[in-house]
Amino acid sequence: MFYRENGQFKSNYRSDQQIFPVAQDRYAIYVLIAAAFLVVPLFATNYFYQAVLIPFVILALAALGLNILVGYCGQISLGSGAFMAVGAYAAYNLQMRIDGMPLILAVLGGGVFAMVFGVLFGIPSLRIRGLYLAVATLAAQFFMDWLASRAAWVTNNSSSGSVSARQLEILGWHISTPMEKYLLVLAIFCVLALLAKNLVRSAIGREWMAIRDMDVAAAVIGIRPVYAKLSAFAVSSFIIGLAGALWGFVHLGAWEPAAFNLDMSFKLLFMIIIGGLGSISGALFGAAFFVMLPLVLTLVPHAIGLPLSTATVTYVEHMIFGALIVFFLIVEPHGLARLWATARQKMRVWPFPH
Amino acid sequence: QAQEQYVPALVYRTGQFAPLGVPWADGKLDYYKLVNARGGINGVQIKYEECETGYDTARGVECYERMKGQNGGAPGFETQSTGITFAVSDRAPGDKMPVFTPGYGLSQSVDGEVFEWNFPLLGTYWTAADSIIQDIMKKENGNLKGKKIALVYHDSPYGKEPIPLLQARAKKEGFELILLPVTAPGVEQKSTWLQIRQQRPDYTLLWSAGVMTPTAVREAQATGYPREKIYGVWWAGSDHDVREIGQGAKGYNTVTIHNTAAKGAVHDAIKTELYDKGQGSAASAASLGQLAHTRGMVIAMLQVEAIKAAQEKFGKDKPMTPEQVRWGFENLDLSEADLKELGFEGIVRPIKTSCKNHIGEDWSRIAQWDGSKFEVVSDWYQADQSVVAPLVKEYADRYAKEKNVTPRDCSAVQ
Amino acid sequence: MAFFLETVLGGLMTGMLYSLVALGFVLIFKASGVFNFAQGAMVLFAALSMARFAQWIPEWLGVQSVWWTLALAMAVSMAAMVAIAWLIERLALRHLVNQEPIALLMATLGIAYFLDGLGPLLYGSGVYGIDVGMPKEPIFVLESVFPGGILVSKEDLYAAVIAMVLVAALSLFFQKTRTGRALRAVADDHQAAQSIGIPLSRIWVIVWSVAGGVALVTGIIWGSKSGVQFSLSLVALKALPVVILGGLTSVPGAIIGGLIIGLGEKLSEIYLGPYLGGGIEIWFAYVLALAFLLFRPQGLFGDKIIDRV
Amino acid sequence: MNNATAPAGAKTILEVNGIEVIYNHVILVLKGVSLVVPEGGIVAILGGNGAGKTTTLRAISNLLKAERGEVTKGSIELRGERIEALSPADLVERGVVQVMEGRHCFAHLTIEENLLTGSYTRKDKGEIAANLDKVYNYFPRLKTRRTSQAAYTSGGEQQMCAIGRALMTNPNLVLLDEPSMGLAPQIVEEVFHIVKDLNSKEKVTFLLAEQNTNMALKYADYGYIMESGRIVMDGEAQALASNSDVKEFYLGVGGDGRKSFRDVKSYKRRKRWLA
Amino acid sequence: MTTRNIGEVILDVKNISLRFGGVKALTDISFDVHEHEIRSIIGPNGAGKSSMLNCINGVYKPQEGAITFRGKTFSHMNSRQVAEMGVARTFQNLALFKGMSVIDNIMSGRNLKIKSNILLQALRIGPAEREEIVHREYVEKIIDFLEIQAYRKTPVGQLPYGLQKRVDLGRALAMEPQVLLLDEPMAGMNMEEKQDMSRFIMEINEEFGTTIVLIEHDMGVVMDISDRVVVLDYGKKIGDGSPDEVRSNPDVIRAYLGAEH
């Protein structure tokens, strides 16, 4: 009843091209962002920051990056863990090897390195498609796993093969409490999400989607597959690499090569599929699902005092997790974002069923 | 109302390494239960809680973060994983949280001046490797010149830990060290063992984990490499690693930090006080005396003793804070007599830690698979300090520099 | 020279073992267009059933004969795999008809998670052995030509033969039978297949059961080689390059792909590895597959990717 | 005009009663469609794009689920039996087969293999061979291309393949969705001939959705006209063909004979019965 | 018909042959297209009509022959170059971007004209935003023209077939082409819709002067609106000329039209 766009007339194209043409949506988003920055810090505990909020925001960022590649450009990748690793290790090296390297530049540098790596491993996509490409991107994953544990220079000759980040500092702001870390990653996320949204609703975004949906037709209207695919790889790996650097620097602090293994790649892919391919909010939904669900699954039996052994709980968790994935895919193969859109659609026509 | 000491236990009962993780966790729990059954630590009951890591660093860190502040604070973490140790070691000084890693962890964390909060009690990978080399030297009459020794290792920080020591040893003794990494999980090792067949090393060290161990032993069998010439680290030398191979693994050696075959009074106590009453953690009492299970008991015992030591100083009948327990770890002193009283006689050696020395003792011995069980076949070896100590110093200093740690001055600590 | 031959032989044998796993992938893909990431989990589950029932059956039934025990254990395990196939169809696939390949792929990942939990829950998480009497000791051939002869693992040899037989049988099945044809039709277009009366449900149960059977054979062979434990499910990762190299839709491709990958991987590790620091075989296998794909994007024997406008 | 009545004299094979279809839980497409198909008849559903013809056929053959659509109201009866819950395969066993819009041949199978998949529900080898012969007889073109992969045959050949494949199931009710689309005029003629032939010789009943009103009304006995999810008109084919509205809007014939396409740009008409 | 002045040869196809393995899709085909005319290609199914279009706009590479466009001759050309030269097309089996809305589909037809780089697009400031709006205005005109205002934001996958065909046409129009290749734009439409489509085609042709190459099976349409017709059969050209000439060509009658027409 109240959620209607009736009466909101667009008198020019600029207003029609806003990200959220429906005014209610726009206000809701402002409120949400304000809440994320201002209200959350009022009640979140350190544990909540560290176990939920920070990983959630960073993973959402990585998922956002991957969604550009998979959701928008249609190139399935199982190598996102590797791109994160490149970002993290590159940022680490930049900081270690160049004295006085500011954190932000190091993190951005991580993104840039990941971008180069991504473009390199994106080249096969010009020939190989679909599931073949998906499996082929595993080459990037295993190569990076190997490189990180085998090439001493990657870890700056760290004795153990595990590396750790320096004290986080931006222009004299020492970022040490979980709240500060959260605000940092949240700010970065918001900026990148906005940029990404702009990209996908601009010409380049249409090129990506065109390549995804029908590449022959895209070529016929003058889209160069090479440029479209590689630019998607570049933008996507840049964001993923950046997320990787944040994951290493802000979330983990110290990490070993296994922190960015195949599991991570799969998880990210899961996130965007459960969340919704080809939508920015899908990354958020997916990341939330993936961060929250295991915690809920661990805490619930604990809270209701089920006398199960940890092993049993873990196995049952695995099963529930697997079952839920299938369940959500059945309910809505296009992800939580679409489910949400459908709900909104219903709301718009409420109280009528259609 | 009885006082309670909260003790979080990171475990991995699932995942790739569950076969090792399960008895290890059961051993820890059994000992806590025994202590509780006997009235707790000076009357303070242990309130233990498991957290499943699946040997995954991220999940381990999550457990750590969640548990460190609960129930009045955790008295320290035994991470059960090299990766989690790395991650947690960075946070420990800030959180003032002891991290104890008996038989694993960072080899250089023996140095208590740099690593105030780490306690790699009983042994590190360097001491393990050193003992193995000593055993080999004994077999070769003290001369390894011109010999070849291969290290087949899990390609991870864990597998790579012994390399610096082996390199130092190779230089000193004049043997050739062949490094053969195996990519996790190691279900397929044909090329590794073909290389071994080609290069014919005189001995092969195995730094493996999970499925990698039995696969390696089976490949050795399939390529005809004598099992007597293989030495596994202590995480590759549990019954379950070779049980299914049976006779095929006969002769396979492993280094151990405690007396595998021995069953002490504590085993009997656990049997009668827990398992006979149906309160044991493992499925059956048959687990008692198994290598990993016993190791879990030893580890739990060390933790309890550290708490006890802390109580001696800071006051009995109450739970200890992490900082107090840290003091306890640093001032452990278990004599032969103490161990006997605890029922661990003949299982572990006396241990004494200090501000400088966080390992306590670094003796280990070799056990061999006789086709159905592991038998201890060597005497105790102590790691050669002339080799290990400089390495510890070098690596600890490097760590201190990397992390901006200002080493404590132990002469100022009493 | 002898060593080189040994390496080649070893590589080819390993390749055949990979082919077995790859076969499971190809079967399901070819027959339903689903890239089944749960194949590894199915291998583990099947192997666990086999290992545990081989242990339990004598305890429960007092069966003495080893062969009876094995036969019974195998029958029970096969029944379990069929049951799983049936459940997967009922609860998952049936509701995902006509969805995009990537959604189906994710669903199989969900199934993999589920099985990874269910397996150890039912059967325990220890290390179990499967002993079907595979010989463990090596044999040496051509001793007259090369000093010391060439080492051949008898166990691998047996496994290779079994793989060959399976592949031959399945190839025939696909090309010649009514069901084989229906399976290929389903892979091309779920909806059209439904429209002409091919019962998707039954077809899927059949395919997944056959894939379960292949998983069982794979599990037995791999399990008897390296023991049954959780990591067994990870052999799937070694089979993926084989699948794409051979072509997702080609049963013989699984064999050829396996041979190429096995060989390439061993040669690279032994002759190239030492210069790069070792441990290169896993990514090398993928790079090798990638290199082939650049020339034939559908894999060596895969069906040509058709796009017409 | 909602409750259609069966044309007098014939037994009813299919009766659709006020069905409503919703896609994706929100898109309401059919708003109460009823129709009746007599045994041995040829019934045409006519109507513009998006009217819901395909959806009606899908609802009958139960192929909606794969499109995330569902029948939310109404009933569908085949010879008096409710069939909403049956699977498409069950329906094929009962002799109902749909030829889907847009051909949908199995791209990687050869033409002959495509045809043979149609005989999946048939067990008798002799019967299958006979059916195959019959199809080749109707479509000699297919015989010449029997070994080429379906994806590489032309649109017309694919359409024949799809129809032939359906005939391989030995159906007694065929739901034919836009058989003429993309076919050369000669072939369209041919296809409709075959439909008529099968109808008269083998007593196969046809329910076809068509845009080509001209052709459809020429060959069908009875027609339903659909607009935006509703049946707006129905009647005997001849009656419809001579109705002036139908003439104007669906046949392009004004009061003074066929209009040239050249002239349409000058004016734009609206259907009278649509608001 | 008289208002348009048919110009010079704009597109000249010379001796094109195209084979797929053993299948000869096109054999030695030559024909030309004059500026501003409506040129139809007809022929039975599988004659090679679509393949011909595919050769012209670079999707297929013919083994032999050359194509001259505005005096420039080429035998191998990639699709982008063709697009840049001002050739647009629609597809027989709908090759729309299914996941995108109607507006986005048509906007993508303007991508060639977008000048701002990826960074500007990310920031969406200044020229990038202005450009979006300018092109959007153009696209809205096309939408009005094709009378699909109501479906602006609908994902094209959900549109009925006939509307999808219009969107396909809209996308091609957005490229402001000089030559427009239409592959069966009226397949699957009823009379009224065909009339609409014919109207669009003629208006495009007359008002923008766009040259049109049309493949269509509806002889009514072809004969009514085209200036000249090429007839293909089994990859060979069997007729070429005005509708009336073609209609009376015995080869064409035998191979395609049948007796009735």
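Lettered A, B, C, D and E in written order, each chain numbered from 1.
FYI, contacts are C-beta pairs under 8 Å (C-beta built on N, C-alpha and C of every residue); 3 or more make two chains touch, one makes a residue touch a chain.
Being a predicted model, the structure only gives us computed values, none of them experimental.
Graph distance from chain B to chain E, where chains that touch are one step apart, equals 2.
Comparing the chain pairs A-E and A-D, the larger number of C-beta pairs in contact belongs to A-E. Chain centres were defined as the mean of their Cα atoms; on that basis the chain farthest from chain A turns out to be D. When chain centres are set by their Cα atoms, the one at the greatest distance from chain C is E.
Between the Cα centres of chain C and chain D there is a gap of 44 Å. Annotation: 29 Å between the Cα-based centres of chain D and chain E.
Once the centre of each chain is set as its mean CA position, chain A and chain B turn out to be 38 Å apart.
For chain A, the set of residues touching two or more other chains reads 142, 145-146, 149-150, 216-217, 311, 314-315, 318.
Residues of chain C in contact with two or more other chains: 120, 125, 277-279, 282, 308-309. For chain D, the set of residues touching two or more other chains reads 27, 152. On chain A, the positions that touch chain E within their shared complex are 12-14, 16-17, 195-196, 198-199, 202-204, 206-207, 209-210, 212-214, 216-224, 231, 235, 278.
By the touch criterion given at the top, residues 1, 20, 23, 43-47, 92-93, 158-163, 184, 187-196, 198-199, 202-203, 217-221, 224-225, 256-258, 261 of chain E touch chain D in their complex. Note for the complex: chain A touches chain D at residues 342, 345-346, 354. Touching chain C in their complex are the following residues of chain D: 61, 63, 65-67, 87-89, 91-93, 97-100, 104-109, 113-114, 116-121, 149, 151-152, 162, 165-166, 168-169. Of all residues in chain C, those touching chain B in their complex are 3, 6-7, 10-11, 13-14, 17, 120, 125-129, 136-138, 151, 153, 155-156, 222, 225-227, 229-232, 234-235, 238, 265-266, 269-270, 273, 277-279, 281-282.
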